[in-house]
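Chain lettering (A, B, C, D, E and F) follows the sequence in which the chains are written, and residue indices restart at 1 in each chain.
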Amino acid sequence: MPRSFDRAAHEVRPLSFQRNFTNAAGSVLASFGDTRVLCTAVAIDGVPPFLQGKRQGWMTAEYSMLPSSVSRGRKQRDRGGKVDGRSVEIQRLIGRALRSVVDLSVIGERTVWVDCDVIQADGGTRTASISGAWVALCDLFKQMDDKRLLREWPLRSQLAAVSVGLVDGQVLCDLDYVEDSGAGVDMNLVKNSDGEYVEVGGGGEGMTFSRDVLESMLAVGDEGLAQIFAAQKAALAD
Amino acid sequence: MPRSFDRAAHEVRPLSFQRNFTNAAGSVLASFGDTRVLCTAVAIDGVPPFLQGKRQGWMTAEYSMLPSSVSRGRKQRDRGGKVDGRSVEIQRLIGRALRSVVDLSVIGERTVWVDCDVIQADGGTRTASISGAWVALCDLFKQMDDKRLLREWPLRSQLAAVSVGLVDGQVLCDLDYVEDSGAGVDMNLVKNSDGEYVEVGGGGEGMTFSRDVLESMLAVGDEGLAQIFAAQKAALAD
Amino acid sequence: MPRSFDRAAHEVRPLSFQRNFTNAAGSVLASFGDTRVLCTAVAIDGVPPFLQGKRQGWMTAEYSMLPSSVSRGRKQRDRGGKVDGRSVEIQRLIGRALRSVVDLSVIGERTVWVDCDVIQADGGTRTASISGAWVALCDLFKQMDDKRLLREWPLRSQLAAVSVGLVDGQVLCDLDYVEDSGAGVDMNLVKNSDGEYVEVGGGGEGMTFSRDVLESMLAVGDEGLAQIFAAQKAALAD
Amino acid sequence: MPRSFDRAAHEVRPLSFQRNFTNAAGSVLASFGDTRVLCTAVAIDGVPPFLQGKRQGWMTAEYSMLPSSVSRGRKQRDRGGKVDGRSVEIQRLIGRALRSVVDLSVIGERTVWVDCDVIQADGGTRTASISGAWVALCDLFKQMDDKRLLREWPLRSQLAAVSVGLVDGQVLCDLDYVEDSGAGVDMNLVKNSDGEYVEVGGGGEGMTFSRDVLESMLAVGDEGLAQIFAAQKAALAD
Amino acid sequence: MPRSFDRAAHEVRPLSFQRNFTNAAGSVLASFGDTRVLCTAVAIDGVPPFLQGKRQGWMTAEYSMLPSSVSRGRKQRDRGGKVDGRSVEIQRLIGRALRSVVDLSVIGERTVWVDCDVIQADGGTRTASISGAWVALCDLFKQMDDKRLLREWPLRSQLAAVSVGLVDGQVLCDLDYVEDSGAGVDMNLVKNSDGEYVEVGGGGEGMTFSRDVLESMLAVGDEGLAQIFAAQKAALAD
Amino acid sequence: MPRSFDRAAHEVRPLSFQRNFTNAAGSVLASFGDTRVLCTAVAIDGVPPFLQGKRQGWMTAEYSMLPSSVSRGRKQRDRGGKVDGRSVEIQRLIGRALRSVVDLSVIGERTVWVDCDVIQADGGTRTASISGAWVALCDLFKQMDDKRLLREWPLRSQLAAVSVGLVDGQVLCDLDYVEDSGAGVDMNLVKNSDGEYVEVGGGGEGMTFSRDVLESMLAVGDEGLAQIFAAQKAALAD
């Protein structure tokens, strides 16, 4: 089966990071093919109780899908007091990943809120969220720096995430929804621009994988991540 | 004080209804100046229990603001099991208004879900929601008609909404956030293209208004509605 | 169809405002025909966070129907963490309407809680709530004044609310449940005793109305409001 | 300290059971001195899942205090999704007690909902609830019997409840709020007219009691219960 | 029908209070036959708002059943925001009972949390909880005393609880699940080692009982309590 | 710093899987040093709606920590309607991992509920949960097989999980709480007895890791997993 956008196994979909999408300090529409996530970052005065008086900041993330973002039917809103388990898992991952590249000790007693709202879902929303949120953080911190709110530049390195998976015996990069549904094994890789891993996470719903497949997935992921790092840089150069 | 976009008292902000914004059957980004609301409409099989077996459809609306949509700070998500009272009030209005122009007896046992998600808020989000959702319904019903799912065309007439308000003694049309904050009295008018009222609602937080002011607001509202009706038609002609 | 209590189109049902119904500072059983709402008002020390230290008060309202108040079946309590949307909408209206006639700057850092609990529902519970709550506020403020807790008398004017509707082509005042169910269009008018509007709100579930009908409804509403203002005065004179 | 209403240790407060207080099938305003509870009973078609198809009915009770019912301050509504623990305990007691005198096998597949809403609280709201709800059940079943909905008369016997307590070393019957606050030990007794116990429950918040005190409380309770049984009969004779 | 563990009507099941079951300060696995409850007690700095600055402590209890603790099926967790009514009732009883023997004025501004988690349920979980929690409190206070956190020894007396019931016309002590299910009447007695009652509570689901039965239940309960007091002492002597 | 239980970097803590810990069909107390998790498995008739009529079963897992399980303070229960995000993440992992080794098509229309309740937490609760739950599943399926409820044996292979981490530059296996708190990077590995990976997940809170460290962690994890597989087999041989 040919891949969407006529791409090879190691290629990601056409990427774009549209900055200043809304008026929020950091506001980026991240597009990975048909997947589109609005990633915003704002800084609010104050920190959670466990950090008060420690002269450092905090950063937290929330992830949500718009009801109309899914390709079939409609996703119910998280309004009944119970947040969807998958959303909880994803927003915890986004927060952890971003915190690995941010020095929270230089932003004052402020909380950075990162919001990743999926406008359209076609697979890979969590990796688009992380990759887009990093660009939004650049814009937020640039604005804070202009207002002289930072003691030093808080970003330690560039950060991106990509999905890889095993589909019909072949390791593919940046799976779309159809590929993801057919994937036996599915893994998300988060790396920084120093070549270090930030998060490695994957498994199968009902399937397992050998050490060889794991090695292939890591290799293919590296190729995809290089393309995403380049697209982030290009977006920031505009 | 000059108005944003250099407009007169009876003029609405620059309008656009960007159709097919996402892949949902009806998907319109309604822009009233800097206010931007994503209005989607999808039809799902089945109706609520009180309508089962009655061979007719149902339509319901939900309204929500993205956390980053506000111009200052960040709006908390409705996740704690308690939906914000203002959102409840607005989504009930949207649903009632749209039901007034739709014949639910011809769409089969389906539920039309209208979702209005505010991407950026600069005043008038409820009127942008209603006006945009009407365009989204046109697109949804067109698609359903193409699939021969409708017994007849369900839309009885065109529908639009506008806000009017009394600011420093002057009646203005389509208030932006700054005007809205300064308005003593604020009214939302929903009308159909037959010149009939669908909803009239307004009041003041701590202020009252005379019958004369009410008459002026109705008149100015009619001028604004004409501009919105025209913009909806233009969008559908594309 | 003759109206309940043999009344003309412009007449409200037999009214009473039974003061001191319970021991709360302001406690009024408002009866509009068979509709009975217990309206209470109490002042509690303290204000919400956004007003702290501003040396002024606050006022908020809650509305609820007893499970047994409905004429058929039983209304479930709002206990599942989700307050009924209609109740939210009504209590927001009650609060806004009352705040329009109260000077909160003279009551100190106190919160006035207005509770409207429907004992028996036969249409028009929101207008009975507003009209009765105004009487309860008089009694509360009288008691506070006796205790020298007010810098000045906080009530700027008298306040009442009435419903009007279009039933079988005729504009009627103060609809009971049967009329309300048959009404195509239904409007609530809140006015003060200076003849100014506080809130105008109405529409139809599936029906629309012309400018002429709107004018008629405003006129008939004025007649009903005069009767309610008189009944409030009579109750306070006792 | 003399008791309210100049009564002796073994005497209950002035009692009344005002029937047909609202239009619900069973609707009784139970007054024990200044304590006033609206007790209603309605029958709704259908039973909970665990009883479906078993050709018998069910009965359940809910208890709630109006926010303005308390003598000081204001009681918050149970709206946050968490029902007050005391209310849960009381409504479970009311349901159990009433089920002991009702034969649910003769009322068809219906659920009897008993609602006890405290209008004014001055101690003893749970015993007023049980005693008043029994009268409301009589009226509900009378109405159902008139409509030929009962196979047999479902009430096996009369039911009443009374509180007793140890205040300053003296055992008192039907404590009001002031006495209740000063009581070391507080017990609720529910009995039927055959002289059998239905529920015995009591203890102290920080105090204990001897077997002798227990015997005295049982004896004084019997005197109070006789007065309540008589008042219920008188109310039903009207 | 012979009783489990071949015991007479007045005998409790084999008892054990296994101390230091986990690392919590007070941690006791209370076993009454096959009923096993983990009772823990810890002291946390701080008291609820209503006690702040009063230089005294507070004590509260929570009760819960593990999903797998029931003999048939599985008990759902209390996660939906609504705590099971029976659990609320039981944990309120546990808290009240324990507070009757603890002098909270000598423990400083600390809150003692007692948690009773049912590992396996075979009837009598609330009485096992109270009896076991008392032992856990001894261990907690011993540890606090060693750290010199107590002004005086806070336990005023020993505390135990037992269930009694009427099964097939016979009064039995410490009912297991099968007996409890068949019991017409079921009572829980909480007493201290001075022979005083702390709580007496019981009734029937659909059954009533005479004064004679009540007297028998009190007598049989005393026999059971003596056995539990002895087992607590033995456990503490280890 | 020497490791607890005097063990080498590649060694897990003393392990035990105590079967039949309670009466549930599968009931195992898994101990990894001082970490103790009660893992139970029961099968309940019926499947979720999305599987009805498909003649296959379902399996789901829940994870929770007892309030007293933590070494410091007390963990609040998940009762407010909001389940702790970490618990959600862990129970989703447990469910996915177990489903990879179970053939749900042979167990009929039943739901297997796996409950992992942490009695005492000293690091590695999620890996103890998975490893222990697998033993509990063996016991559950053995019992179901004896009752002839299985079409075939549903377990495809053995399953175990282990944690590895980077502490002070050294890769360690099966971290206890102190090590875990000091770990820069922390990874959980789930493998089956065919040497295939089921889940690989890890990252750092504020730290990153190289490919070399990843390889070391995978190698050390394999050594730990071998010890756990052996302990599971030994437990089942008893």
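Everything that follows uses one rule, which is that contacts are C-beta pairs under 8 Å (C-beta built on N, C-alpha and C of every residue); 3 or more make two chains touch, one makes a residue touch a chain.
Protein identities per chain, from UniProt: A, B, C, D, E, F = Ribonuclease PH.
Computed from a predicted model, the values in this text were never measured in an experiment.
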item	value
Pair with more cross-chain C-beta pairs in contact, given B-C and A-B	B-C
Copies subunit A and subunit F - rotation angle from C-alpha fit, nearest 5 degrees	180
Inter-centroid spacing, subunit C versus subunit B (mean Cα positions, whole Å)	28
Mean-CA-position distance for subunit D and subunit B (Å)	50
Rounded Å distance between subunit A and subunit B, as computed from the means of their C-alpha atoms	32
Euclidean distance of C-alpha centroids - subunit A vs subunit D, Å	59
Per-residue multi-chain contacts in subunit C, two or more chains	80-83
Subunit B to subunit A touching residues, read off their complex	22-24, 27, 34, 36, 38, 40, 42, 44, 62, 64, 66-69, 71, 73-74, 77-83, 113, 115, 117, 119-120
Subunit C residues within the subunit B interface of the complex	81-83, 85-86, 88-89, 91-92, 96-97, 99-100, 187, 190, 192, 194-211, 214, 218
